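Each of the two complexes below includes chain A, the first together with chain B, the second together with chain C.
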Partner chain A sequence: MRKKRLFAAAIAAVMSVSMLAGCGQKDATGENLVFEDATSSAGANQTGSADNETASDPNGEKPTDEGYGILREANTSTIGSLNPHTYINSYSSEQIKRASVALYTYFPNEDYTFCDLSGELAAEDPIQVDEEGKVWQIKLRDGVTWENGDALNADDVIYTWKMILDPKLANLRASNFAKDVIEIENAMAYFEGSCAWEDVGLKKIDDLTVEIHTVSKQSAQEIMTHLAHPANVMVNEEYYEKYMNADRTETMYGTSADKWISAGPFTVESWTNDAEIKFKKNPNYIFKDKIWLAGIDVKVVEDAGTQMQLFENGETDYISLSTDNYVKYQEDPRLLTAPYNSVSHITINTANPDQPILANEKFRQALFYATDRDSIASLTYQEPADYIVPTTHIIDLENGIYFRDTEEGKANEYENNGYDPEKAKQLFEEALEETGIEKVSLTMIYNDTGVQVTTSEFLQQNWPKVLGEDKFELKLQSMPSSQRGDQMRNWASDPTCYEISWGGWDSTDLMPWNAFKYWTSYYSAKNEPFISEEFDKIFDDANSGADRFDEGVRLKEVAEMERLLVDDAIIIPVTQNTYKYLKSDRLQLTMKNWANRVGYGWDYAKIVE
Partner chain B sequence: MVRYIINRLIALLITLFIIISIAFCVVRLMPGSVYEMGGDLSQTVIDALNAKYHFNEPIIKQYGYYLENIFFHWDWGNSAKIRPNVPVFEILRDRIPITLEINLISLFGAIPIGMVAGILAAIKKNTIVDHIISFMVVVFISIPSFIFATCLQYFFGFKTGSFPIIYDVSATGTARYASMVLPILALAFDPIARVARYLRAELAETMNSEFMLLAKTKGLTYAQSTVRHGLRNSMVPLANIIIPMFANVLGGSLVVETIFSIPGMGGLMVDSINSSDHMLTVAILVFYSLISLITILIVDLSYGIIDPRVRMGGKK
Partner chain C sequence: MTLYEDNKELYDSIPAEKFKRVERDEAIHDAKFQTKPICFLKDVWLRFTKNKASVCAAIVILIIAVLAIFGPGMNRFKYDEQYPDRVNMPPKIPAIANLNLGIFDGGYVLKNRQYDSISDTTKYPNDCIINVTNPQVVNGVRMVDVEVDYYKYLGISDDECYWFGSDYLGRDIWTRLWRGARMSLIIAVVSVACNVVIGLLYGSIAGYYGGTVDMILMRITEILNAFPRIVIVTLFVMVAGTGMFSIIMALIIKDWVPTARMIRSQFYRFKGSEYVLAARTLGVRDMALIFRHILPNSMGPIITSSMIAVPTAIFAESFLAYIGLGLQAPETSIGVMLSQGQKVLLHYPTQVVFPAIVISLLMISFNLFGNGLRDAFDPTLRGAE
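Right after this comes the complex of A and B.
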């Protein structure tokens, strides 16, 4: 009996200790955190993060060659490859940029408030050679080297270009170079094997000058934007060839640390695939004076809870917050927010023969007006969006003008963020009458994780309330993201593959006219059946039309493309997400606010112990 | 016995060939093209990639190329998405060791603990010791390993800082093993409980059998009769559960590996299917099938070694 009591007491003690240990949040020192009242809004946080000066920084006024402090990151994504010609996900491309040099890139501007698109390997902006604006020369910096000290010159640039377009290698990223912002003469023809390399519009003029011939008239900014793409960074010929297979169809370049060489801000010190990559400041980098850090340690941590523990334990320097964690930390002074570069929207399969009402414009408009974006935004901690072009998109880079701030952009926005239940009901009744359908039952496919769950479930309840529960029903079917994407892209061969779903393209925020490619009839990964000659023509005009550089032309074309998609409810914009970060105190940002392309500039930050 | 082993090996190879064929066809017939991934790829590039890897040809021709590459070049294909251009077996080679290490340590640690617990529970049947062990067995079996993993990580990693929160790939020596302690513990609870429960039941039954009574009447002490007869007879059926446990070892633990950021085999299959990395998926399926077939073979052969009656039973 006594033994039993002792045992019970021991169990109780263990449980009590465990429960007490589990209470409260703690900071890196082990003390429980006491959250202070938020002194700034999310927007103000964007400007308040780097206000502290760097007096305590042991590097002094200027970064040393070795740098100081290690930035510690954790991310859910893995880095499949550092080969810029074959990488798959955008996270890999971020790591490639860290350890590579491009002709042009986005730096923080002088006062660290905005991005500055300028030459990295290129010594200056492209020089227009012909009157038509189709031939451009790029002067390279003298004295640029790889991490091993070998010179990097025009031969490396030409080799890089030749390899990305190599027909036998058939690189995944070939079209990112051949035809995106600019179209290079005969580049795609060479890739397809229908012309010789000499016919391609890429020439070496001398050791420090290369020349690009384009199909259409281009601007210097377009050339620079195109060449700043992560797929177009330089590759090293010696390493690229060393790891090439015998029949030259594949190279293992960039698949492990020993098969990679850097010329960028950082070198790869070590890399355990799918687990950890360690970068070290490259003392040979051209702009080493912009880099304060001694290195960056990136860990792959797939579990969000584990990431949070690592951050709270002081083992990582910043963390991207999930919506659940954001709720807990929204008053935290360490919080940083930034606008997301895409708008989450509902994609409609108007060609689905099982749901002919989806082809009815009034019905789609009814769904548009029945969508309570404010409520969804407050539920999911996002911004309501009745537009397609996100607030991040810049229509005039030189003057820093955002599309949404222009008159044309504002004209495309609706009252009450497009929520008008009465109008929705009226349009719905008219659509039923036109189609002769008595009751609509739709199925929405959505991702089984993230805010899509919350949003879809909200719409399942809210749409019938607005449109009439006896006449409208929304069924939900969840599936993994990749499976949903495959299913949607199948619409051409199987029009019944889906009815409505979710979309949200990440797009080029400095070129909103280019972002509309996703809705052109010729986009390869198109996942909805919208085909419009009018839309295609405006897109082509905005991207390669002769008068696109005339003042206001592009702005009007972007506004018109957005209007065509939203007015006819080809898609239904719902929300624009925001990035939410927590930043440790030892990490001091040099950026004074979030900015396009450079974000908060983690790589340019300082470590202050 | 040699002929029996040869027969079983031939059957294994035929089964493996059938599995390869089915796996290849099923994976290649899954909806979704390898290179239609919603990115900025032009149709020209997608077509070129499909032509390069023969994905644009009939499935039977693709299968022919696949077998030709395996038999004549020992080339099982390259990963298309997870690690582009890297041979699939190189990916497995990188992932298997850490999964094996953690799971084997966990298993080899669990077996003796489980056996001691099982023996104690059996010889102290219906006492407080038996009740405590049985309670722990129920707890360890009914609570999934990822719950233990989360709790261990939270209390011993995050709150007390006794061990690293995640597995540290770059650590060496003691630090490396310290970062393996929590995942090993999380994975050990289940096998400890299974071995203890099985052994307790077997040993308790054996202890009550007539030959044990005979052993005691012949003058053996309680300890002698338990170790020499009771335990030995109870071990034979225990082999049935311990050997298949090794097959699971290679599979890793999807959730435990995710929680502790272990770059093992756990999530590889799911990742490869989700990303339509077909060659990698087939390679993983073949690898697991091979391990399962070998395990079955070893179990079958071990029956004959442990208990000759099984081997001789088939003879007329």
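Right after this comes the complex of A and C.
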């Protein structure tokens, strides 16, 4: 009996070992492999290699009214509301844009290599009426209709504007509409309830013409940019009013499929909140000839792993890759990468009374030079950044010139991506001497997920190594991102709320001068107590100064603002992120490359299956 | 009147020689025990050692405890030492690698690599390729999965090994794992010890004095018990901040209540017994009665319940780490490692496997050990086997 048991145990051991070791021959050269086309085996209707794709393109030569094929997406975010006046995240705004029409919008340009800001509901560029450039008229297209066939004209535009600014509704997006790229006359006053609607600089001239009065001199480009913001898309008066509550403080418009009406490229076919939204091509859309797709299915999938599985099973058509998934697919020919619109940087609470050294410029510069951006970039698969204006930002839209490619932009960059341990050490010693502090112990608050974990933990070891472990210590405190944001923005009422942390604004890539508003002294949700009259003045000059359209003026001003922030180490730029996408074969992009504002142009893509 | 007087004649007629004198020469003794006398603790020990599972569990706990103390010092790495050029290394133990079992040999499968570049020695140096599998054509490009010796692939010399691999900052998982086990055990043991002390004082006062005191004290525990544990613990850590001290405090807030109740019931059981009455009659003070006379009788249940509380505390700490409220970096615990490993489960499964094995072993061992102790301490089972 005992022998039998021993024998069985021995067999079990041998079996498990052979299972662990794996069966079959090892092939270190791969010479005997037989390659199969993964794309042709995945679906019965698929066309196989790229060569015969065009030959059997089921889309035809021109987009049909119904379109062809459904684009399937998965995203972690949910859409709270399609109401353009109350949406919260930029993801919602993307969905709103899909099913809405704006006066102006960003289309792919003719050869699908860049964006083109042009009229959607507007028939042409704004027309300057006065000599000063403060009164502008916008002609609307004739024959544009809502999904239900009702005409869309100047009344809808005026109603939309009135509702954005409505003092009772107190919309989140109102102040942005009243003053951002342009400042509309009396708009803020109306929103605050101190003037009548008749005084606001928004007028109806006739059924197909509206007029905007601005506070300072503007260009047509600025008017268009301002109106192209997703919060400024048209809303339908009938529906907006129908779902308004009795005291007119809230409307349920856009909170479910039946409370929404579209006039954009797509209509909302069905919408299960927090689960799925289905768009269908709108056959009455003005630019229906630009849309190849029959529809878009967007699923909410919160877990990144599940998203990856959906893509691998062919259930979604493209996926944004996490760092770990990127490692797995970095050599895949289906990979799409492009620089991202934001630079992640360290923000410093210079006014923290517990840490007087943070107010010392040399100390902050020491941190700047002690940051090993190349190592961080290689750990997180991002690009090292010793600048704050990302490489995607365009300074001259007409000629398509990127700020970082200009002389002024390059002059703001540092050697070795700003990593200079010796200089850092020297500056640190000087800072200690100036402040009379012997040992520095800082606490950094950071998000408990994502790349901030890696970068913060890296800096926790790297900074003391450079600055001297006996004199510098970095403590870490992780927290959910929303909590961290709230805590940071509390600095005005509680100066000790944080010492150093992270920031990263997604900014307007076509107007880097506008993106600097986050550091002006009058920005409402500032991250750090940076208040500089000099900075404010340059910002105002760049955004509304009389000479801002002169050649090279804005370029110099943007460079100057960047210098003020980075040279004095008000913030410490660390990395610029990259978009990393994997796209399935059944999805064929019409965009030839990533482009500002339109990205890879998923909505303009084709399904070839 | 006696029996003799009533039957005097009859008795006297019996001849004296018919009577025999009965008398014992030896002194009268109690019968001797056949076995050796043993004390209570010895009895507990005997019964405990009979339970094989508990003994194994105790050994496992001992091994883990020893590794938690000495493990981090067993190789040259420090728990917070980063190597940015050696992140996510697969595990390699030379002795096991030489057995060619396919485990712990530093092998790693690089997925979706271009077939045409596998002969490129700048990309795949030093004959690092072990196997090439899963050939497929994607968009006209031949792709394969390449299994490589990751140590050769990165050009790391043979004598440098990460026994359990490395994490996302190139930190040694072996060192971190035992450091983490140490932290988890410290948190668990300290919090349980505090719970026992608080529960003991509270329960003995309530149980000994009884009446109104007992009523008030017990109502307080009931109120405390009415709050869900996870909610209280999470809120506490969110308010007090993450860190070892606040985690321990969070695990104390309401976890002492079961101990207090158990002690109270033990006091109700013993305080009316005769020996307590006797001591009281002799004028023994309250505190001496509580701690010298009654409490020692409750030691068995206390030890047992605290042993069972240890894995609960370890689990609670891991839960907190899992939802992002664990120890602050660079400090680690099993929960922190699990939470980090889970994020890369599909890519680097070893990063979650090792901490998962350790926490599973700890949980099951403490439970089995606790069960064994409970049986051993149970007086009703005395001599049952």
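Rule of thumb we're sticking to: the second predicted complex is superposed on the first by the 554 of 609 C-alpha atoms of A that agree within 3 Å, B and C clash if a C-alpha of one lies under 4 Å from a C-alpha of the other, contacts with A are read in each partner's own complex, and residues count from 1 in each chain.
To be clear about the criterion, a contact is a pair of C-beta atoms (placed from the backbone, for glycine too) under 8 Å apart; a residue touches a chain by one contact, two chains touch by 3 or more.
Bear in mind that the values here come from a model prediction, so they are computed numbers and not experimental data.
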* Asked: Once the shared chain is lined up, is A:191 touching chain B (first), chain C (second), both, or neither of them?
  -> first
* Asked: Which holds for A:480: it touches chain B only (first), chain C only (second), both, or neither?
  -> both
* To do: Answer with first, second, both or neither: which of chain B and chain C does A:448 touch in the superposed model?
  => second
* Comparing the two partners chain B and chain C, which touches a greater set of residues in chain A -> B
* To do: Using the touch definition from the top, say if A:585 reaches chain B (first), chain C (second), both or neither.
  => second
* Asked: First (chain B), second (chain C), both or neither: which does A:145 touch?
  -> neither
* Asked: When the two structures are overlaid on chain A, which partner does A:332 contact: first (chain B), second (chain C), both, or neither?
  -> second
* To do: In the overlay, answer first, second, both or neither for which of chain B and chain C A:137 touches.
  => neither
* Asked: Who does A:302 touch here: chain B (first), chain C (second), both, or neither?
  -> first
* **chain B versus chain C as contact partner of A:456, first or second or both or neither** => second
* To do: Share the list of chain A residues that count as touching for chain B in one structure and for chain C in the other.
  => 21-22, 26, 30, 305, 480
* Asked: Which positions of chain A touch chain C when the two form their complex?
  -> 17, 20-22, 26-30, 33-39, 49-51, 305, 308, 324-325, 327-329, 331-334, 375, 378-379, 448-449, 453-454, 456-458, 460-462, 475-480, 585
* Where on chain A does chain B make contact in their complex? -> 3-4, 7, 18, 21-22, 26, 30, 78, 80-81, 83, 86-88, 167, 170-172, 174-176, 178-180, 188, 191-192, 249-252, 255, 270, 272-276, 278, 299-303, 305-306, 309-310, 312-313, 315, 480-483, 485-487, 489-490, 522, 524-525, 527
* To do: Quick one: which bits of chain B touch chain A in the complex? Just the residue numbers, please.
  => 31-32, 35-46, 48-49, 51-52, 78-79, 81-86, 91, 94-95, 128, 132, 150, 153-155, 157-161, 165-166, 169-170, 258-263, 267, 274-276
* State the interface residues of chain C toward chain A in the complex, per the touch definition above. => 80-82, 84-85, 87, 100-103, 111-115, 117-119, 127, 129-133, 135-144, 146-147, 168-169, 241-242, 324, 328-330, 343-347
